[in-house]
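Down below is the structure, laid out as structure tokens.
Per-chain numbering from 1; labels A, B, C and D assigned in written order.
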Amino acid sequence: MSRWTNIIEDLLSRVSDIGNTILVNSNTDSEKLCLSQKCLALLSNVGEATGLARSRDILEDYKKLDKSEQLAFFQQVYTDFGVDEALLRKTVNEWLLHPKKIEARQIHSLSEPRSQELIRRLNLAYGGTASLVKMREDLLQHTKEDPSLLALDKDFQHLFTSWFNNGFLRLERINWSTPATILEKVIAYEAVHEIQGWDELRLRVAANDRRLYAFFHPSLSDEPLIFVEVALTNDMPDQISSILAGDRESLDPHFATTAVFYSISNCQTGLRGISFGNFLIKQVVEELKRELPNLKRFVTMSPVPGLRRWIDSKPTLNKNMQSLVNELTPLTSKPDNAFIEKNHHSLYQLVSYYLLEAKNKKGGPFDPVSKFHLGNGARLEQINLWADNSKRGFSGSWGIMVNYEYDLNSIEINHEHFLREGIISTSPTIKRLNKNS
Amino acid sequence: MSRWTNIIEDLLSRVSDIGNTILVNSNTDSEKLCLSQKCLALLSNVGEATGLARSRDILEDYKKLDKSEQLAFFQQVYTDFGVDEALLRKTVNEWLLHPKKIEARQIHSLSEPRSQELIRRLNLAYGGTASLVKMREDLLQHTKEDPSLLALDKDFQHLFTSWFNNGFLRLERINWSTPATILEKVIAYEAVHEIQGWDELRLRVAANDRRLYAFFHPSLSDEPLIFVEVALTNDMPDQISSILAGDRESLDPHFATTAVFYSISNCQTGLRGISFGNFLIKQVVEELKRELPNLKRFVTMSPVPGLRRWIDSKPTLNKNMQSLVNELTPLTSKPDNAFIEKNHHSLYQLVSYYLLEAKNKKGGPFDPVSKFHLGNGARLEQINLWADNSKRGFSGSWGIMVNYEYDLNSIEINHEHFLREGIISTSPTIKRLNKNS
Amino acid sequence: MSRWTNIIEDLLSRVSDIGNTILVNSNTDSEKLCLSQKCLALLSNVGEATGLARSRDILEDYKKLDKSEQLAFFQQVYTDFGVDEALLRKTVNEWLLHPKKIEARQIHSLSEPRSQELIRRLNLAYGGTASLVKMREDLLQHTKEDPSLLALDKDFQHLFTSWFNNGFLRLERINWSTPATILEKVIAYEAVHEIQGWDELRLRVAANDRRLYAFFHPSLSDEPLIFVEVALTNDMPDQISSILAGDRESLDPHFATTAVFYSISNCQTGLRGISFGNFLIKQVVEELKRELPNLKRFVTMSPVPGLRRWIDSKPTLNKNMQSLVNELTPLTSKPDNAFIEKNHHSLYQLVSYYLLEAKNKKGGPFDPVSKFHLGNGARLEQINLWADNSKRGFSGSWGIMVNYEYDLNSIEINHEHFLREGIISTSPTIKRLNKNS
Amino acid sequence: MSRWTNIIEDLLSRVSDIGNTILVNSNTDSEKLCLSQKCLALLSNVGEATGLARSRDILEDYKKLDKSEQLAFFQQVYTDFGVDEALLRKTVNEWLLHPKKIEARQIHSLSEPRSQELIRRLNLAYGGTASLVKMREDLLQHTKEDPSLLALDKDFQHLFTSWFNNGFLRLERINWSTPATILEKVIAYEAVHEIQGWDELRLRVAANDRRLYAFFHPSLSDEPLIFVEVALTNDMPDQISSILAGDRESLDPHFATTAVFYSISNCQTGLRGISFGNFLIKQVVEELKRELPNLKRFVTMSPVPGLRRWIDSKPTLNKNMQSLVNELTPLTSKPDNAFIEKNHHSLYQLVSYYLLEAKNKKGGPFDPVSKFHLGNGARLEQINLWADNSKRGFSGSWGIMVNYEYDLNSIEINHEHFLREGIISTSPTIKRLNKNS
């Protein structure tokens, strides 16, 4: 396989080179064209050999742009590669007068911005897909400054949704036989519980009772899209340290009863909005059940990243909770036992209230992690106080973590209730805590 | 790789099974839903596990339809999965009144028929891509009866153009080490010079001086999309028999000077309109140049499939040519030498005139093979009389074949002249023949 | 993998070429050396680059020899590459006088014929292993003419026993995804029930209820060493036609109860005497049990190739049997029902007597197939009259076939009883038949 | 491939398990057999299923032995698995009386110690080869205590020489796409210039101008046998630091003129005496020449590990050299410039004299590294003072290193002159230095 990859890379380079020669020798003097002019030329009706050379040329030129040049480039593309409005106007008027179905579909083709064809052609260059994912990463940054670029981003998102359709992905287990070039990306991309070098990585991927699974796309063969880390245990954990500890005893996976998803990391900023997590978790559950029929429970050990942000937004709280918040806010590390004992119950109530009642602007759960797992059909199972005493854990949610449970028998019904009626599936304990708060 | 394929297949089956269980147990009583209702359910906002089960369910139900049920299904999809016209009308009216660019792009999203999302979701099932390619093959047939379905076909074509972007294809050489499951498809798909069983296949792929290259897509791993057969020779051939003969002496490829593309076969009817040929030829030229620097010429040995069809359309011919046509028409096999000698020159003139002057409705070359190669930038190099004396060759064009030449130094300029001005690049001999005709 | 194979092939060629240059340029004038002189030079203490070149040179020269030259070559090697007898004599005399253990082992090294080192060095050339296997195939033929060469053959056999140790073999399933280059060898090597072309091969390897497994060696990657064909059925068969029939209905392997080993073919004549069959059958049994736990019985459907040969050797038979034999001998095809009914019982008795009592010169079973399976620990289970009515089946044993059963619970005990005491494990029916004969 | 490896591993485990069951159930009560009794049972004529189980059993029992038990085990094997002396004596006497060639070869078979067959049978267990290599590593240690075991070691060496014949090895480039499980072994096995963790490894294998090649054997797929590290440079180096420096600028390999072999590490102590280095260097030279035709010189950057050991053996030196030695001996690190300048020339003379004149007991070069490269046909090219100022470099040879050059045009002639006449090929400078010393 990699042999062909090499040959094709080689070929594509050569095809491009020939195209380049032609470009250079032709009288269009492409050297002096600016980037967006080159893009226009790429879309003109020329042959693919030149097209390939132009694609590569454009992608390489693009890499040399600084931030402000990028912004200018995106704005130019946005302006120049839009819809042919005159034609659209004409067709739309006809359609309004003579509305037949065929016409409504025609409007779709006619209103396709030319930027989509531009992106499709840029993908022809070897490594084009990776370059375009990177390009969108840049674009997303610029949309903060210039929100009109969100419309251009729609084009990337539209194509990426097609290209990265879950039907094209392949699941792979990452272990100690994986090439170093991929392993070092796992170190780099781990977003939840940082991996400090190769020895720690080895604990995460090579221990008998640890697993790491990733999705890959055929055109990004060395780049995981998303990965999930799993611990095989005997119990649902209530402390992240029991999972991350380097000196723990390893468990024979054939005696494990519980699979704990303790970290999910999206790897490609340029694929934001194309969702893989739901599908990944379900595939990994199936893979694990197949390999280890002894597994009975599939749970997460998840952070509560929105908790303190929500507190900072000054929600209306009852007196009891507000006073707890006042005491918690100044803390910078795990308090003493006296504090813990005193506030134990109130803290559970506060978190239950947050998870079940706090909403974002669209009316969904305020907490993004909660929203993700509940949306997948998981059940809110258990709240764990002082479960992540790292600096990061404490500053995000005073060390509080949550277990969500993926119970395949109820996952669909949960999912539908959640989506249609906003009902959150939860354990009786949490439900009770919230009621009494 | 194939190990993961198996596992994923397995997983996907199981995920689907679980979804199925849920479907069966749920109160929607899906068993009794008709196919298009199932499609509507698939598009409703349910979780992916059910979605996967539904996708598989729909694709399997679809396979059981007979031709008339297929037609009804496509018509229903065309009707039910169109554009939300009320919303579109509202937006379009706003845009006409307040035309800002952002709105024009919005029209694109709003006018996307729901059939596209349906196709994207069906692709999630394992083997979904292959099933969808097959489904479009059926759809194309039904468009003859019901041309309104051409609009539905646009949706398939739109997505397939994205999914089968040349950037995602991989070139592979097919030889005697290729799995039998692919080799037997080469036998089945060869569309130009039929392959009679495994012994003849061996001559085409395993002889030292023969090559066969194909494009594959990662999601259709056992199915070639298109392939080209190449003979390595010392001369540009003027007889197809010199290439197909079973008892010829094999040439050491390191002494070959000429690569002859003597057969190009598109394999997937369901991918009609998504073009691979141009890119394939150019990649194979590069691959061969890299491996065998001794190769100096890249030519085709091509049929002239439109010639007799054109004659049958009764074009206006000069007296000389018309009288030749009158003599040729009754022939059913290669005539005697007297006939050949007498009509030799006129026949060259007739074919030159056909290739250079006969146009289709859009003003391009009447001959589809000619249109393909000239459009790729090839040069019309040589006409070969009585070059294919098979029944098929004779009934198509009285056995006449043509060499087109791919000269990398002029391919782009040819291409541009042809596309922009309709100029056909041709050898002086043919040009002269036509002038004097 | 194959990429490295190519590179290494390339490298080895080049290393050889350099060595060749040196050989040619050197004053030893190797061109004029005869083959056995070249072998002597190879064993002299020169560097490996030359050694590699000489190895290749010798193996290529060897290929050009005709039969009589081969014989001369082997005789020369036998003569020239023997033991250093003077040294051996000296050491042996010392040992006889001063017998210490260390000396006995030293005799082993000192008595190693130089032909063994020659063979080891010839193996360095790329493709050396395959060439040496072929060379031994030739040698075996010449031993018929010149039995003294059997001593030389011992050297080959000694090294091949080490090189083809079962620990180095890998089991592979051959199916329709296997490269054609291997599949065509299966057609060529099938020694029991001939395969008539690719369509029949497909029935044997690609049907759901058929399997074919082979052993491969890393240095002979495209050459199976031995393969076994398996049918998955519901019953122990009594007719080979029920297995070979092209138009039978295929059985879902998950409902099969019985695996029938109906053909075992050794592929490499040059590996005669190095046994793979016992190990192969046991590994395949394990592989099938793992994949299809529903399988309960593992039996063979075996020919009785020695039966008529034994009859031809005029064994002493009782009157009953002798008269049957007299009637059977003139038959050339399956007789009419009257004959069958009349002789039914006697024929069973004759075959039982043959299988249980007829011995070869060493006191083992006369029938070689019987000897193989009984030696592996199988049980003689059932005799099937008129089970193979092909010309071949009839001329070997009047169409009689036998089922041997591999019952993993008794395989070891059978094996030990057979080997130590000559006891044949057999079904009560056959035992009874023999007793009453 | 690895899929089959798994399946076979699985199979072999199961075959073994069945055998184990049989063993346990049988009345031989194997549990109580000691290890050497188990070895005797393995050699008895029992079936392979039991054999496989016994092999695994023995290898696992062996792993649990402590050092003194190992010694006892090897001594027992040495005693019990020797030659059948009575038979050998009889045959030898016959041969002395009736000396025919066939008999001399027969002595070879008859004098084979049974330990060889034992080793061959132990190899049947999955992972047997690796276990046997490890077992020999232990055995080699015990030979120091009990030199009689050297005779047993001969059996291992004899079989390993056959099994690890260069014709069975495959060359692989190790780079950043290599599985971590192999990369970490490179870190562990590097014997010349230690690799401090993954970041340093990356510099050695992933930099553009660095290469690492290893030999692998099919039965030890995760274990390199030997590897060589190569730097691509513009000059023959005179300082190891210029190669090992982490912050150097990387060179485009297409502009490199020189390949420097700066480290060769044998990885398997248990394969001592089976030489791979000569073949490895020559294959890597060929591989590099093929890939990078710009390379003109192939040199080493080698330590001089015997120098100080030779000095310690108090060789007779001329007055000049002896006085230099007296000054050098107390040094523990690089001296000041005054010392260097003063002794510059004498030091060159001393090293030249050492390399050209100092001999080991067999009359070959005293320095083992020198002996290796000269024996391969390399030329002694340049002496580099103060070239390795690490503690290790200084304590071995006062930091002196040497370049040997592999010049393919003279490699054979050098090799032959060295082997036949002891002539050392050397540069004129070194020759001159020695003459004048």
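In this text, a contact is a pair of C-beta atoms (placed from the backbone, for glycine too) under 8 Å apart; a residue touches a chain by one contact, two chains touch by 3 or more.
These numbers come from a predicted model, not from an experiment.
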| item | value |
| --- | --- |
| Touch-network distance, subunit A to subunit D, counted in steps | 1 |
| Per Cα centroids, the chain farthest from subunit A | C |
| Centroid spacing, where centroids are CA-atom means, of subunit A and subunit B in whole angstrom | 37 |
| Interchain centroid distance [CA atoms averaged], subunit B/subunit D, Å | 58 |
| Junction residues of subunit D - those touching two or more other chains | 2 |
| Of subunit A, residues touching subunit B in the complex | 1, 4-5, 7-8, 10-11, 14-15, 18-19, 22, 26, 45-50, 78-79, 82-83, 85, 88-89, 92-93, 95-96, 99, 101-102, 104-109, 111-113, 120, 123-125, 128-129, 148, 151, 154-155, 158-159, 161-163, 165-168, 170-172, 218-219, 278-279, 282-283, 286-287, 289-290, 376-377, 408, 411-413, 415-416, 419-420 |
| Touching residues on subunit B, where the partner in the complex is subunit C | 2, 176-181, 183, 197-198, 202 |
